[in-house]
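Below is one structure, written out as structure tokens, with a few remarks after it.
Letters A, B, C and D mark the chains in the order given here, with residues in each chain numbered from 1 onward.
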Amino acid sequence: MVPDTNSIQTEAETLCATARWCYGRGWVPATSGNLSARMTGDRMAITRSGVHKGFISVRDIIAVDFDGSSLTPGVKPSAETLLHCQLYRLWPEVGSVLHGHSVPATALTLALPEADAIYLEGYEILKAWTSVLTHEVAAPLLVVDNDQDMQRLAARLAPALEAGEAPIGYVLRGHGVYVWGADVTTALYRMEALEFLLATEIERRKLV
Amino acid sequence: MVPDTNSIQTEAETLCATARWCYGRGWVPATSGNLSARMTGDRMAITRSGVHKGFISVRDIIAVDFDGSSLTPGVKPSAETLLHCQLYRLWPEVGSVLHGHSVPATALTLALPEADAIYLEGYEILKAWTSVLTHEVAAPLLVVDNDQDMQRLAARLAPALEAGEAPIGYVLRGHGVYVWGADVTTALYRMEALEFLLATEIERRKLV
Amino acid sequence: MVPDTNSIQTEAETLCATARWCYGRGWVPATSGNLSARMTGDRMAITRSGVHKGFISVRDIIAVDFDGSSLTPGVKPSAETLLHCQLYRLWPEVGSVLHGHSVPATALTLALPEADAIYLEGYEILKAWTSVLTHEVAAPLLVVDNDQDMQRLAARLAPALEAGEAPIGYVLRGHGVYVWGADVTTALYRMEALEFLLATEIERRKLV
Amino acid sequence: MVPDTNSIQTEAETLCATARWCYGRGWVPATSGNLSARMTGDRMAITRSGVHKGFISVRDIIAVDFDGSSLTPGVKPSAETLLHCQLYRLWPEVGSVLHGHSVPATALTLALPEADAIYLEGYEILKAWTSVLTHEVAAPLLVVDNDQDMQRLAARLAPALEAGEAPIGYVLRGHGVYVWGADVTTALYRMEALEFLLATEIERRKLV
């Protein structure tokens, strides 16, 4: 369900509060990460390029269309905005996209240079995604090689995103997670669940 | 000793403050975990299903009877409420039950897929349980396979809970701990002690 | 240099603020740890037995003589008070003793069940002790088996404490550190330095 | 670009806020670390020797010239001030230098006693340095043996600092990082990025 919001002011406070919360949990160190919310008219509110998520304020949130062009004169969106566009275009029910950059997401994907998925098995918290009804699954977490060319990266992601049911999120190798949900709160809970899964999976692997 | 409380308002503030404290320590990420306190008349105050423990408020605490049925019209308790019921029915001296979902509890139990107990040996903090008078023991921490069917899970737990002295708590594999005490404060101190034990045991195992 | 303090009120605020600080850093989980400051007349102000260091208030600080007897009617000091007494009796320049109970101190000493010292080598932060002038040393950190009999434990510690120069502190196996200094602030800085050393030594050992 | 500041009061508030921020992230435990900002006239504002970065106030910031001599009568600068002098003298565009002392920086360099560089490969966050345009590099992080003689240490650093492009920072073994930037904010973001890299590199190495 798309939230009925057509004002960037409506979203800016929510995104800033969410950004500072994520910073405090270690998911978006320094200027890494970006957060967005869908607005009406195929537009989104999104954090501008290069802003520190622990010190962010509402003027750091800009409007961008679904081609990734800034609607805020003179302010450049992050290059990674195109990956947000891809998710909003693909699924109308997506109301928010969050991109993090944590130690566990970065370390685990760099430690598995050949993996195109990490299988998460036996985790109760997988039930944070309503598509997962039980812990008795080996849920695949999609891992994709990082790229500075976002068009190429989006093209690489497309087949996996468009095949079958939507995944629980994905990770860019050496870079971080993308999660989404019907609204910012749902996306935030999934980021927290996914970061929990990655932090725990790292510890589990060290013990076996 | 059962606290003399028969009002959900009396308990709601305490449970919310405790939930936020636990969230801040990393024991109940996102909407995981649940917390309850015994009320008179075979009822408990308990966190409702699906609430985020870092953002909880008093209206998220509901009354439930010891069959696990909600006494708050229209609000569903967590499925796991039945595990709280089991503990309150078993021991009248239990005044509060806390269920956490930490990285150490999840990682350690998934790394030991066959274990039905983790033996904790040489830990001074075991004295947080008054039944333990010395660190010179190998205290068993019961580990039980997770299950989405709570009746079946309670039945699986029953023999271990009912045999001999009450255990220091238990862990559902890939899911998290259950601890209890005469009141919320005592249960909280035991959750903290048990999470300390699990975090330390993980580090110890990596070093040997 | 012994601070010129002869009132427990003078010390209680300082000890409570220090206890809450230590709790926030993870050095004294739940009711573990204790903190004291020397008063005139062979007495100390010390945290009472069983108090949670994150929720402590000034009424939880009691006066105790150097035999470990409470001077606050009806309030029992911690059994470990005798280890504080030992340090105050041994060195008149000791104005404060802090006992912590961290994950690194517990995990590292349990992982080395035979060690009677941990040698810390190449660490710049060793200069936090004025007796250490360079990082180019292998400073021994005394490790002693835990014991519930404090008289026996003090007797076991005595030879190492009384031989030559004062050590940088010591660790009870599976239990935690003891550090001291001319005043509470100096002791706190040393606790922070020692906990840094233990946390770092654990990480170093996992990497080699 | 050198900031146009010629007053120590201008810098003291910024440096104190930055010191407390760094302390809260675990980068400057106890009295470790130091922070400086360039002033006009070949002078800098810098934290005094021995101050705790979590309890720092503006009176703990002193003025020092680029020979490392205190311009604040009676207050001694840290011995490590000479390393700040070296960086300000070498590059006029450096407006701030930060020295941290974290667990990851200390543990990783002590675990690699022979290394004179740590190669960081595949990390998106390397783009925090504008000289790095892509994650597809193996960026060398300079590691230098610690020394209590700062003249000798500066001489040891000089060849690597002066050869080719400025490095992303350096680490003193068993001691901690040095980073710099056009102003305090830029240097802080780089400290955060470098500490993220070290924390992640440690986790990656444990997994492979």
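Here is the rule we go by: a residue touches a chain if its C-beta (ideal position, glycine included) is under 8 Å from a C-beta of that chain, and two chains touch if they have at least 3 such contacts.
Computed from a predicted model, the values in this text were never measured in an experiment.
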For chain B paired with chain C, centre-to-centre distance based on mean C-alpha positions, whole Å: 32
Centre-to-centre distance between chain D and chain B (centres being mean Cα positions), rounded to whole Å: 45
For chain A, residues that touch 2 or more chains besides their own: 206
Chain contact graph, described as a line, ring, star, complete graph or other shape: ring
Those chain pairs that satisfy the touch definition: A-B, A-D, B-C, C-D
Of all residues in chain C, those that touch chain B in their complex: 29-32, 52, 101, 103-104, 106-108, 110-113, 146, 148, 172-176, 202, 205-206
Residues on chain D engaged by chain A in the complex (per definition of touch): 122-125, 128, 133-136, 189, 192-193, 196, 199-201, 203-204, 206-208
